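Shared between the two complexes below is chain A, which pairs with chain B and chain C, respectively.
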Partner chain A sequence: MQTPFPHRQTAHCESGVIANLLTHHGLPMSEAMAFGIGGGLFFGYLPFIRINGLPLTTFRTTPGGIFNRVTKRLGIGVACKNFKNPDQAMAELDSYLGRGVPVGMQTGVYWLPYFPPALRFHFNAHNMIAFGKKGDDYLISDPVFPEPVVCAASDLARARFAQGALAPKGRMYCITAVPKALDLAPAIRQSIRGVCRSMSAPFPLIGTRGIRFLAGQLERWPARLGDRRAILYLGNLIRMQEEIGTGGGGFRFIFAAFLQEAADVLGESRLLDLSQRMTAVGDLWREFAVAGARHCKGRAGEGEDFGDLARMLRRCGEEEGALLRELASLVR
Partner chain B sequence: MLGRMRVAGECEMLDSLEQELSEMIIDTCRVAGPLAAEIAPDAPLIGPDSPYGLDSLDAVEIVVAVQKNYQIRIEAQETSREVLQSLRSLAAYIRSQQN
Partner chain C sequence: MQENEVPQDEALFDGMSEVCYALDQSGRYVLAKSAGWEPANIANLQAWDVIHAEVAAVLARVRAGELSPLAFHMARHQMDAKLLAGYAGLFCWQVRRHMKPAPFRNLNPARLARYAAILKTTTEELCRLPERSGAAGVDTEPPLPSREG
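Right, the complex of A and B next:
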């Protein structure tokens, strides 16, 4: 069983999956538009949540949030289901595929054999789509890859029931109903308002306040934690920014592409300028990551100590905050 | 460092862009191992089998070095994972973006 599926490689798996599923259902959408309407841009420094004993920093909204918001804001019907039993989860998948329905799934990257071994890591919120089955192999549209791939049933079952943080619990989802046409403009306005609101929320750990808070913490890490542990914390932050998921800079670039498309849909040319500025903010995040990586590797140059890194981080927050305030004023 | 000994045999030569990229990586990440031309074009760039001995923190620097030297963005980590598989995949990505 196999349904023709419009596979496209994208930068971010969740946005790519929703964009490809909608395109399959006759509603062409770019990854950037899905990310933007899904309100994907976010920042949170959550030191009380520890992964491998190190504080969690997130540069995007919660896993599943983009899918939920895109479908809700565009009036798209979905069916989502979690499972306790892998056999039941695979049987349900087969049932949908037998009816010609492509199915999105949350999986653990580490257990997907089509990923080159060096690129596998323990990340349990990776999204992909099954669109067919040949014998014991599933045909997979994994947005990370340029072409569809094949995955054996036993491997897919293991990936769907990976253990640990963000365990997928067999989660699968599919589109059950779509409107005749997408009315993007109200959804875009709503999503921009949502992103601006969450990034300026009056909580010290999230949004631009969270970036400032993290900068203050980072500056004090060497004194508080000692040099060795401070570098461990910094390395973890850089990895979370540029390795886990799409990366802090990367999400800013996708949001910039969304603003560019939004300018066209809303007929608002000022969004083009903000799009360019958001790209520049993404570059600032990446410069911070590079300086941090150099520090961790013991090859820091002048102007790359913890104080300098904190200043770079504050600048990311300031630029992003100023940009989002202007953005909010355009969609009131 | 693990993987340092896995360098190219005489049968596999780097093309000019791959050679240039290899030199850029050695310079950017201050690799003290093989000569640029000794790396196999398909050898993993990042990870335990990398002949350069690079990890994901080095990957961040390589992404930015590519952006600065070739004016080409590798915009997302999931893309960069694939692009940074080897000198060959990195060179192919740069050529595809230049065209």
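Right, the complex of A and C next:
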């Protein structure tokens, strides 16, 4: 059984899955638009949450948040289900596929055989779509891969029941009802308001305040942790910002692309200027990653000690804050 | 980032490419294929270096008789006791106990088989250590990614 499925490679898995699912159901949508309407842009530095002993830094909202917001804001009907029993979870998947319905799933990446070995960590918030089954193999549209892939049933079952932080518990979801046409404008306004609000939230660890806080911490890492651990912390930060799935610059470029599309939908040319500025902010984040990576390699040049890195971060935070304030005033 | 500046620094993806967002000549965003980016590669390989070091340290302790072979196979799969306990449906303290040589030797075959299945190996392999080989002394199967050369 196999349903034709419009696979497109995207930068980020969750926004890619929802964009591809909507496109399949006759509502063509780009990844950037899904990311934007899902209010994907965020920043959080949460040192009390440790991953492999390193503090968590996130450039996006909580897993599942993009999907939930897109479907809610656009009035799309979804069916979601978690499971305790892998056999039941796979049987349910088969029954949907038998009816020709593509199914989105949350999985871990560690057990996925088609993943390049260098990216196999115990990361559990990956998303993909199954759109068919051939014998014992599932046909998978994994949005971070160029082409659809094939995954054996036993491997998929393992990935769906991966353990650890954010365990997927066999979570699967599919679209059950779609409106005749999408009314994007109100959803775009609402999502931009939401992003501006969460990025300027009055908590020290998140949003632009969080970036400033991280800069202050980063400055003190060498003294507090010693050079070796400071470099591990820094490398981890760069991974969260740039590793596959971010589209570059810690999701800032995807959001800039969303602002371009939003400008067309809302007929608001000022959004184009803000998109350009968001691109510039993304470029600043990239510069930070370049300088940071040189540190990790022990090749830091003139003007690139941790104090300088912190200054670069503060600049990212300031530019982003100013931009988001203007953005908020545009959609009020 | 401009479309013609999209980095093509291959290292991690096994010939696959990811997409990232870049501006075309008219200033519109397009999806552009990238083979990877050096700073991200450096950060990723650094993470693997940490894992390699951890595996080597655990292996040395297993050889010294401080830990059971289970501890080595866990390290190889980047697992701690809590994670493996989740997979095995055991308590954390039980897994921690099985990471010691004496309790591990007394494990019944069913429990060993369960661990072996979770770690994608056989019971014999689970009870064995890799042969000493190479300078690093770590021979892992499947091999963990590492810097070339």
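Following the convention adopted for this analysis, the second predicted complex is superposed on the first by the 326 of 332 C-alpha atoms of A that agree within 3 Å, B and C clash if a C-alpha of one lies under 4 Å from a C-alpha of the other, contacts with A are read in each partner's own complex, and residues count from 1 in each chain.
By our rule, a contact is a pair of C-beta atoms (placed from the backbone, for glycine too) under 8 Å apart; a residue touches a chain by one contact, two chains touch by 3 or more.
Bear in mind the structure is a predicted one, so any value in this text is a computation, not a measurement.
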Open item on the list: With the two structures overlaid on chain A, would chain B and chain C clash, or do they fit side by side?
Closed with: clash
Open item on the list: Just checking: does A:A167 make contact with chain B only, chain C only, both, or neither of them? Give me first, second, both or neither.
Closed with: second
- [ ] For A:R311, select first, second, both or neither according to whether it touches chain B, chain C, the two together, or no partner.
- [x] neither
Open item on the list: According to the stated criteria, A:R193 is in contact with first (chain B), second (chain C), both, or neither; which is it?
Closed with: neither
Task: First, second, both or neither for A:Q260, with chain B first and chain C second - done: second
- [ ] May I ask you to decide whether A:H25 touches chain B, chain C, both, or neither, giving the answer as first, second, both or neither?
- [x] neither
- [ ] Quick one: classify A:G250 as touching chain B (first), chain C (second), both or neither.
- [x] first
TODO: Figure out whether A:C13 sits in contact with chain B (first) or chain C (second), or with both, or with neither.
DONE: first
- [ ] Using the superposition described at the top, determine whether chain B or chain C touches more residues of chain A.
- [x] C
Open item on the list: Just to be sure I read the superposition right, which of the two partners does A:H122 touch: chain B = first, chain C = second, or both, or neither?
Closed with: second
TODO: May I ask you to decide whether A:R239 touches chain B, chain C, both, or neither, giving the answer as first, second, both or neither?
DONE: both
TODO: Share the list of chain A residues that count as touching for chain B in one structure and for chain C in the other.
DONE: 9-11, 116-119, 144-146, 235, 238-239, 242-244, 247, 253-254, 286, 289-290, 293, 296-297
Task: Residues on chain C engaged by chain A in the complex (per definition of touch) - done: 1, 11-14, 16-23, 27-29, 31, 33-34, 37-40, 42-48, 50, 77-79, 82-83, 86-87, 142-145
Task: Contacting residues of chain A [partner chain B, same complex] - done: 9-13, 116-119, 143-146, 235, 238-239, 242-247, 250, 253-254, 286-287, 289-290, 293-294, 296-297, 299
- [ ] Please name which positions on chain B make contact with chain A in the complex.
- [x] 29-30, 44, 46-50, 56-61, 63-64, 67, 73, 75-79, 81-82, 85
Task: List of chain A residues in touch with chain C within their complex - done: 9-11, 31-32, 52, 110, 116-119, 121-122, 144-146, 163-164, 167, 231-232, 235-236, 238-239, 242-244, 247-249, 253-254, 256-257, 260, 275-276, 279, 282-283, 286, 289-290, 292-293, 296-297
